[in-house]
Amino acid sequence: MIKIGVVDTTFSRVDMAKYAIEVIETELPEATIIRYTVPGIKDIPVAARNLLINEGCDAVITLGWVGPGAVDKYSYLAMSVGLIMLQIMTGKHVIDVTVHEDESSDPEELYQIAVDRARKHALNLVKLVKYGREALTQYAGKGLRQGRPDAGPVIEE
Amino acid sequence: MIKIGVVDTTFSRVDMAKYAIEVIETELPEATIIRYTVPGIKDIPVAARNLLINEGCDAVITLGWVGPGAVDKYSYLAMSVGLIMLQIMTGKHVIDVTVHEDESSDPEELYQIAVDRARKHALNLVKLVKYGREALTQYAGKGLRQGRPDAGPVIEE
Amino acid sequence: MIKIGVVDTTFSRVDMAKYAIEVIETELPEATIIRYTVPGIKDIPVAARNLLINEGCDAVITLGWVGPGAVDKYSYLAMSVGLIMLQIMTGKHVIDVTVHEDESSDPEELYQIAVDRARKHALNLVKLVKYGREALTQYAGKGLRQGRPDAGPVIEE
Amino acid sequence: MIKIGVVDTTFSRVDMAKYAIEVIETELPEATIIRYTVPGIKDIPVAARNLLINEGCDAVITLGWVGPGAVDKYSYLAMSVGLIMLQIMTGKHVIDVTVHEDESSDPEELYQIAVDRARKHALNLVKLVKYGREALTQYAGKGLRQGRPDAGPVIEE
Amino acid sequence: MIKIGVVDTTFSRVDMAKYAIEVIETELPEATIIRYTVPGIKDIPVAARNLLINEGCDAVITLGWVGPGAVDKYSYLAMSVGLIMLQIMTGKHVIDVTVHEDESSDPEELYQIAVDRARKHALNLVKLVKYGREALTQYAGKGLRQGRPDAGPVIEE
């Protein structure tokens, strides 16, 4: 049985987990989804850890929201180090979806960034879990983006 | 028996632990509270570690105060990395309440930020310990804040 | 049997793995190459870990692409800490090829930087795997660069 | 038998260990003091580690001196992460006394900061070792400072 | 038998290892020296790790060269965290000699900084290996510098 963990926060200003879960349910209907909500991004690593280790999830998607200040960015860095160390410990993917409040001053655009990023990364997770390490190789070097239009390759080869 | 650890510092300019303890005693009266006071934020991780591992606490709340300088922020970053690694090691929550001295130049406002943040995060801790990983899910994406008014969702869905 | 892992991303705007693989196939034809593609740089450490530990690779080359913003650089820092800790854990080399989008505003130049860096570091990896710790000693202190012309020694000795 | 480790550096411009040792000898006369001198702050964590693990020290005080440049601050950050991880591993306190060369342009004031900080933190260490986790609780939230006059609480409660 | 590891890079623009090895051979003639050359500073920790753990070196000196950009400094930070964690794991000294390209715009001066720093830190390493933790205590607080003239104590005591 495939188990996918979903970690999100009450700090976030968009319910990104809802969109990630929709994608997982559609694309990986055989999966059990376990959700874990924490206050903020610094609480995400322990939740991801408990889903991977205690609940036996095969992979986790985390949905974080980061404020605009310098200290918020340090919290983001600490979370990132933690999630990377957790993945090294467990050998399982934790796909980290992070939206930074200063990515746009337009609420509607910020909302669209968050939803698009959550959906596209949920799809990335599904592909890695379902088809393994070469599932994304056809897109390698293609300049794909989540939350924004794809950048594309720097030059046509 | 539920055991909750509370770590605070002599560097802090508000006795935040007092407010956190009040909330825990009210909302989780069956819990034993163990307090540990250290000089400053870089001493917090080992105190939290000892409460979780030596004293068998189920979760810890830490109450840190950070100065306004660039070096103070690096100390905050180091503490954050440490607390996240500790949580990954133990699988237990360490809810980190941090007040930055430069959040306000008004002492009264700084005091209110500290008290509100300590109380709200103590409540977050209680909910996670009492009801588990979905206790906060009804607030996911709601833009909750501690120490400040809630930001709310970026748009109404 | 020699096994070399190659990790790259869909975020990258140049298919650097192609050039790295060409070099490895030419210079180390007896090696088996295992490729692993992930969304972005923060996913690289777990992929490298799985290639080293689960697949038994002798060494890994990673090909990352970093955006121009401050947050992108923090992600780079977190990835770097992760890859270094992974190497300390395993005792195996993970040669990290990173291109920063802001290294050039000219797409053609950026492309050339990426290709040259991927090729030269693939050759570094081959030499370390094939000849060991003194393979590069003849170039020590020579100011070699990847992606750019060599800087050379600061003074002629 | 109580054993206290003292780590200092040849980079430092004040012999802070001398003052820390005086306090420990006076306040904790039954303790054996073991001193370890290293070149600079990045060498401090391994010295502290050896005192805690090889020599069986109950706690360590470290006395570091940091230059004014951005790179010096990164070294400070790396040292801080290391000392925090060491404390999490061992469960023992490493009280870190750090003086930053740019805290004052007046040599005499810099000297006084260093001496005062070393003495006060030595006393903190003694209290934690002698009386345990609530030894400093009476000072929690009191805005104590080392090297500077106490800041005090932000408002009188 | 004493074994000393020497790690250097092809990125470096001065052959610092040559000077470090000269000092070690003169001051510690009974030691076996094992050299390991890697491409750049992020490859240094795994080389140091292999010398300490696989080759049984008693201590390692690393000779790194860092570019002038912000990203170069992040690489320096990641390397520093890695070397500190490695030392905490092994209990052995890794004396890190780092030259930053922006320490001087004069090539001759940069060369002299590199040579002097390599030599003086090699001597530090020899003293720590030969005489142990109090070998440098007579210089504690003396404001010694490597690569630059000694700063000296801030005031005469």
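By letter and in written order, the chains are A, B, C, D and E; residue numbering begins at 1 in each of them.
We take it that contacts are C-beta pairs under 8 Å (C-beta built on N, C-alpha and C of every residue); 3 or more make two chains touch, one makes a residue touch a chain.
This is a predicted model, so every value here is computed, not measured.
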item	value
Graph distance between subunit C and subunit E, where chains that touch are linked	1
CA centroid of subunit D to CA centroid of subunit E, Å	25
Computed distance of Cα centres, subunit D from subunit C, in Å	40
Sequence positions of subunit E contacting 2 or more other chains	77, 81, 85
Direction subunit B, origin subunit A - full chain order round the ring	A, B, D, E, C
Residue ranges of subunit A in contact with subunit B within the complex	8-18, 34-39, 42-43, 45-47, 49-50, 53-54, 70-71, 74-75, 77-79, 81-82, 85-86, 89, 107-108, 110-111, 114
Contacting residues of subunit B [partner subunit A, same complex]	66, 73, 76-77, 80-81, 83-85, 87-88, 91-96, 100, 121, 124, 128, 133-137, 139-146, 151-155, 157
